Amino acid sequence: MTPDLVLFDLLLIGALLALASACLFSAELQRAVILFIVFGLLLTLVWARLQAPDVALAEAAIGAGLSGALLLAAARRLARRGGRPEDRP
Amino acid sequence: MITALLYTAAGLLLFCLGLWSFLMHRPLLRKLIALNVMGSGVFLVFVALAYRGPEGAPDPVPHALVLTGIVVAVSATALALALGRRLEEAERD
Amino acid sequence: MNGFLLVIALVLLATMAASLIRGVHGPAAADRMMAAQLLGTTGVGILLVLAQVLTLPALVDVALVFALLAAVATAAFTRRPPDEEGD
Amino acid sequence: MTGAALRAFVTIAIALAAGVLWWVFSLALLEGPGERLAPLAAEALPRSGVGNPVTAVLLNFRAYDTLLELAVLLAAVLGIWASGPPDRGFAPAEIVLAGLVDWLVPLLILAAGYLLWVGGQAPGGAFQAGAMLAAAGVVLRLAGTPRAGLPRGDWQRVLVVAGVAAFLAVGLALMAIGHGFLTYPPGHAKWLILTIETAATLAIGATLAAAYVGGSPPDGPPGEDRA
Amino acid sequence: MIDTLALAITLPLLGALAAVARPRAARAIGLITALVTTAGVAALVIEVAQFGLRRTDLGGWGAPLGIALQADGLAAALLAMTNLVALAVSLYASDYFGDGPIRRHFWPLWLLLWAALNGLFLAADLFNIYVALELVGLAAVALAALTGTREALTASLRYLLASLLGAITYLLGVALLYAAHGTLDLGQLANAIAEGPVAWTALVLMTGGLSIKAALWPMHFWLPPAHGNAPAPVSAALSALVVKAAFYLVLRLWFGLYDTAATLAAAHFLGFLGAGAVLWGSWQALRAERLKRMAAYSTVAQMGYLFLFFPLLAAAEPGAAREDLLAALVLFALSHGFAKAALFLAAGHIQQCAGHDRIAELSGTAQRLPATTFVIALASVTLIGLPPSGAFTAKWLLLSGAIAAGQWWGVLVVLAGTLLAAAYSFRLLGRAFGFEPTPYRCITAVHTEVPALALALTATLGLGLAGDALWTLLQVGGPR
Amino acid sequence: MTLTAWLPALIVLSSAIPGLVIFFLKEEQVAARTLLNMAGATVKLLLVGLLILGIQDHQVFESRLALAPGLELVLHADALSVLLVALSSGLWFVTTIYAIGYLEGSPYRSRFFGFFSLCVSATVGIALAGNLITFVIFYEILTLTTYPLVAHRGTPQATRGARIYLAYTMIGGVLLLAGAVWLQVLAGPVDFIERGMLAALPVERFGQLQAIFFLLIAGLGVKAALVPLHGWLPQAMVAPAPVSALLHAVAVVKAGAFGIVRIVYDVYGVEFAQALGLLTILAVLASITIVYGSVLALLQDGIKKRLAYSTVSQVSYIALGTALFGPLGTIGGLVHLVHQGLMKITLFFGAGNYAETLGIHKVADLDGVGRRMPWTTLAFTIGALGMIGIPPVAGFISKWYLGIGALKAEMDWAILILAVSSLLNAAYFLPLLYRAWFRDPPAAWPKESIPRGALETRASLLVPPLITAALALALGLFAAAPFGVLEWCRLIAAREYGL
Amino acid sequence: MVPWLASALLAVGCFFYLAGTVGLLRLPDRFSRLHALTKADNLGLGFLVLGLILLAPDWLYALKLALIWLLVIVAGASAAHLIAKRAVREQEETPQ
């Protein structure tokens, strides 16, 4: 195990967790959605790093494509309605 | 093994972060994102325990399970968003 | 060679982490999307390097998918329904 | 308990849980069986009919899971269809986007075909390919095609069930001729899997695209236009 | 070679596909599938009763690489109940939805749900359980939302979120067990699992996830609105079958998979939650303003009874006493399944005829809808646990177990729950004889009331008087 | 299929099956309903006749059905069960005739008669129950089947009365259930065996047995209307008269009283119960109830209310007899089970006739009714005199045996109770009789709905009270006859004391 | 020789990425950021791909690498346009 790889791992995990936190703690919905899409991107790198190319392919295909589009559309609708959606279930 | 432990820890942290966010936020979209993060955490645990060093071929079974899990998660998210949209319409009327 | 490639990957990852800051801070959605765009391209780069390092040629396919879908994500981000569309 | 106290309590509890979980998982990883199913899968791979171990797990060893997974997808889209008609979608694309769509959609479809084909031997497979098709649908809808390129009416329904149907047809046919449900006879596995995967790719693509469109398809006999 | 285990899942699945592809014929397809599926499952149950444990390795790989389906006595008992209830629900639904627009959404989803339920009962693989659980969850949520009202949608969303949370938590437990033992097969895991923090944590995670789905108090919050606002046949299926399936898995985990490792303190904890469910659920049912809400809260309470068995089962030495308790538990679950389905179907009928289901305004049902009232009365007999229902026998054995184990709190909870159940049941039945009738706008066609009546009679007379047969069936390779 | 294994089940089913069929009859199918009712009642009487003959022939009648391992539904005919089976079958026959007349033209009769038949099935099941769980099962079914009868009229008072009835009986049922399960945990399957089966248990469980006894008595005391568990009974008076007759004379209160008899004699064993000191407490409870019921009866001005409190008082004679240690007291209690049934049903028939024919509900309106309705009033008088304990009506026999039983049991104070109670009985019944026979009738009856024809009221209303009154008289006059009720009770008592 | 060249190309690619990131972080206004970004990441990826092509095991692999670069450039151009439009709209709605 090369130290570079460990460094890479640490950096990757750090970025991943930081991003997840930023996304989950984000006050603004649309920002959370964009960050979630970026989170998917980083996750793809994780799958690649862990030698799971099948999973990486799936994550890339679904996260950037369908899932992202769906969430963006939902966030846009909420933003358009304007009201703070805190009263939602 | 260190790699697996490291990524397992990351997966568990994602799970717990997601759980926290799920419990603390009320908007549907936030809960969905939280659930997806939680799911990703679990998937990460699976993939981490499939990893067997840079040389060894990884265990394909957890990879397959995670693929299935991803499809399920996407399905659920899509359904939830559709219901949410319908609810908005119902509330607007 | 692999050691050097790893360093490259590491640097790329570092730039990625840095541009995350813009992604998190925005301030506007467009800024975040720009960050996302850069992150995507960097991600493609890292994937390609990793494909070499880990001798996983399949990661090139992942990069390909990334490249293809980055445009989809951007389109999804920028489009608005007709009643709001400015043009 | 006040709201703040409750939040603090939950936060602390989850933090503790995270620690316990990590400890326990480390125990499991350190003491657990080193190999798990990897050697078994590697040993059975030559008999599975495909070269990619993940595909072998998904479509042969644990094909039943995948069958149910496709059913989950179907359930989701049925639920979405039940939630009423889709909204109008987007205005026709302006020139840049239209140009993008013009070359992106064929490429996506091409990529889907490539991933499907390569899935037997290398990473890739039905779901990834289906997701690419769905992405094509998403782009089309974004560019102003309301139905995201999906066929009308009943053909769309047929497409959506194709994956599960292919699975069941193969599985039950094998059972009927005495092999047992989803037990591929040696030598035929490759083609049976490819058949199922092709149907599944189309179904996944159609299903995900339909999920993005987000409402029930216009009904009517195949080809009949009631839009 | 006809594999009835596979048929139990594939037949409804085929029906679902046909109903998706041909929505205009959905009702006919649904009814035919219901009949065929029930026949297929009947064949399976008879096979189990005659030849013992049935197991099939799908794909011919065998565990741990492949997935197996397995039917023992416990699975067969629950399958029998599920399919009979599902058949009755199908017959009822064919009238309830008629040729209306909802039918084309209802039938495919319902058949998918049915297939998934059968799949859950037959599953012998932890991850396969997860997938089937998600299929059950999504189909159930989609069905619960079919009415499209605001309340129903809000409730369905909440249901979906709770259900997903449960599934993910469960999955983490599966990951832990796979990490520790390298297999997902229930039988192999049962042999491999040894006491220790790993086994413990996995059990906590899986039980935690499943008990959300089984609506164990206080994680029941999603159930009453979801079950109360769904269309009546859907409510029946959700309350009678879906929560039951999650409970079945908890039972399998605790007394099939874990057996040696499950200790008393944890079982007591579940028992306390069960007690909370009985009291809280019954109390809320008593306060409910609407009939279906009441029925839904009653489900919360009845699920609580099932968990009350856990400390007793954990304390009992293997042997006849323990088998009695387990059989009583199953008998209770089956009785509740039939009775609650009957109750919801009857409630749906009343709702259709009266235009609402507000209990305070439902007077004179005994005069205007005698058969439906009779169904409610019979179902109430089971819910209260009065003779001659199966629930009475089960409750008797539960009380015996609790007294024998010296768990007097359990006795008090059961007795209090019985009284509360009587109180909420008779809120409606008391009004039934009233002479200020609500304007009922229905001319009752006899055949629409037959399914509910059959269910109620099965719960009250069938299981009460023929419950002994269950003991024989459960001898077949059940949890030890 | 042997008759001995099926006869008890058939006796239960002979009313249950007609009952279930009747539910599905249309309202206007009067003839079919009547036919079914009467056929069921007749068949049941015949079957009971067969049973009695067989028992005298020392045949053992027993039907069994396994509910679960260790839990069996057992219907077993012994001498004690025959007592209640015969009483309820006979009175059901009579009451059915009465009810057909009484409810003529009123709505929802199919429902009424359906539950009516089921209610009798439950009573017969209680009588034939061969073990504790079977008893509990039929006891609860009885609650369920009588509830719709009490609520039948659907008026707010009826609904309220039914609700109170249900609340009491459900709580009683739960207590009984708890006691029964507890007992079964301690002692294994509790079969009803003459002289009981618990004395064999180890001494350290005696404390638990005492606790269980109180649970059981509390559960049974609700239906037997032991003070302070009697509150439902006056409220349930809103039911139609045949229902009141059934509740008070045959089914509900008898189920409770019969249960107490069973528990004392065939579960604990009377000697063991005495040894545990349980009988004295039961005797005290019964005595309080007797006096309290009588006093309250005196205060009522509604006829049915007065009869209701009278029931509270009179049923406890059975419990008192049970609690008086010694065969004579036992005989007194047991014969009263039958006697009270006959006399009380006569009284309720009479009260029902007054209400249905002339609209009389209050004591004050009874003036001169003996002239308008002499036959009814004659029957009513026999019943009332019997209740007071005046010879030669059957009630005298009961009180006589209770009295000497109390002496033998060295509970002399019980005699005082009997005396006081009889005085009170007289005080609340004699004014009724006086008004009916010796006051002048008013110018118009409150609401005369059945005009006087050849008979004073409908034949179907008149015949039943005459039959029951005649029986009550006959049982007093020919008490010593062989195969009479008294002889039968002697036989039971002899067995219970191992004589 | 080839590894050295490849390394050099990779290092240059890396530099452009760095430059792009610094631009994204430091440049004051949105449109200059956008320009810096597109230029930098296209060039960065370009050099990276060139370097990797030199190391590619077979021509198909190399072809794929080239294709990816092409895709990123074309898609990037379109994306930049779309984002710019969106940015303009946002600027009209809320001043930066």
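In this document, chain identifiers A, B, C, D, E, F and G correspond to the written order of the chains, with residue numbering beginning at 1 in each.
Going forward, contacts are C-beta pairs under 8 Å (C-beta built on N, C-alpha and C of every residue); 3 or more make two chains touch, one makes a residue touch a chain.
Source: prediction; values computed, not measured.
Q: Which contact partners do subunit E and subunit F have in common?
A: The shared contacts of subunit E and subunit F amount to nothing, since no chain touches both.
Q: Work out the mean Cα position per chain and let me know which chain is farthest from subunit D.
A: It is F whose centre lies farthest from that of subunit D.
Q: D-E versus B-E: which has more C-beta pairs touching?
A: Between the two chain pairs, D-E has more contacting C-beta pairs.
Q: What chain sits nearest the middle when you go by CA atom centres?
A: E
Q: Any idea how many Å lie between the Cα centroids of subunit C and subunit G?
A: Here subunit C and subunit G have centroids separated by 10 Å.
Q: Where the CA atoms of subunit A average out and where those of subunit C average out, how many Å apart are those spots?
A: Their C-alpha centroids are separated by 12 Å.
Q: I'd like the Å distance between the centres of subunit E and subunit G, where a centre is the mean of that chain's Cα atoms.
A: Going by mean C-alpha positions, subunit E sits 57 Å from subunit G.
Q: If you average the CA atoms of subunit A and of subunit G, how far apart do the two points sit, in angstrom?
A: Each chain's C-alpha centroid was found; their separation is 21 Å.
Q: Two-or-more-chain contact residues of subunit G, please, as numbers and ranges.
A: Counting only residues that touch two or more other chains, subunit G contributes 71, 75, 78, 82.
Q: Do you know which subunit A residues sit against two or more other chains?
A: 5, 51, 53-54, 56-58, 61-62, 64-66, 69-70, 73, 89
Q: Which residue numbers or ranges of subunit F touch two or more of the other chains?
A: none
Q: Can you tell me which positions in subunit B touch subunit D when the two form their complex?
A: Spelled out, the residues of subunit B in touch with subunit D are 1, 4-5, 8-9, 12-13, 15-16, 19-20, 23-24, 45, 49-50, 52, 57-61, 63-65, 67-68, 70-72, 74-76, 78-79, 81-83, 85-86, 89.
Q: What part of subunit F is in contact with subunit E in the complex they form?
A: 23, 65-71, 73, 107-108, 111, 133, 136-138, 140-141, 143-144, 147-148, 151-155, 158-159, 162-163, 166, 170-171, 173-174, 177-178, 181-182, 184-185
Q: Help me check something: in the complex, which residues belonging to subunit A touch subunit C?
A: 2, 4-5, 7-8, 11-12, 14-15, 18-19, 22, 30-31, 34-35, 37-38, 41-42, 44-45, 48-49, 51, 53-54, 56-57, 60-61, 64-65, 68-69, 72-73, 76, 80
Q: Sort out for me which residues of subunit E touch subunit D in the complex.
A: Answer in residue numbers: 1-3, 6, 10, 13-14, 16-17, 20-23, 56-61, 64-67, 102, 104-105, 108-109, 112, 115-116, 119, 127-128, 131-132, 134-135, 138-139, 141-142, 145-146, 148, 172, 176, 178-183, 196-198, 201.
Q: Within the complex, which stretch of subunit E touches subunit B?
A: Result: residues 65, 127, 130-131, 134, 137-138, 141-142, 145, 148-150, 153-154, 156-157, 160-161, 164-165, 168, 171-172, 175, 178-179 of subunit E touch subunit B.
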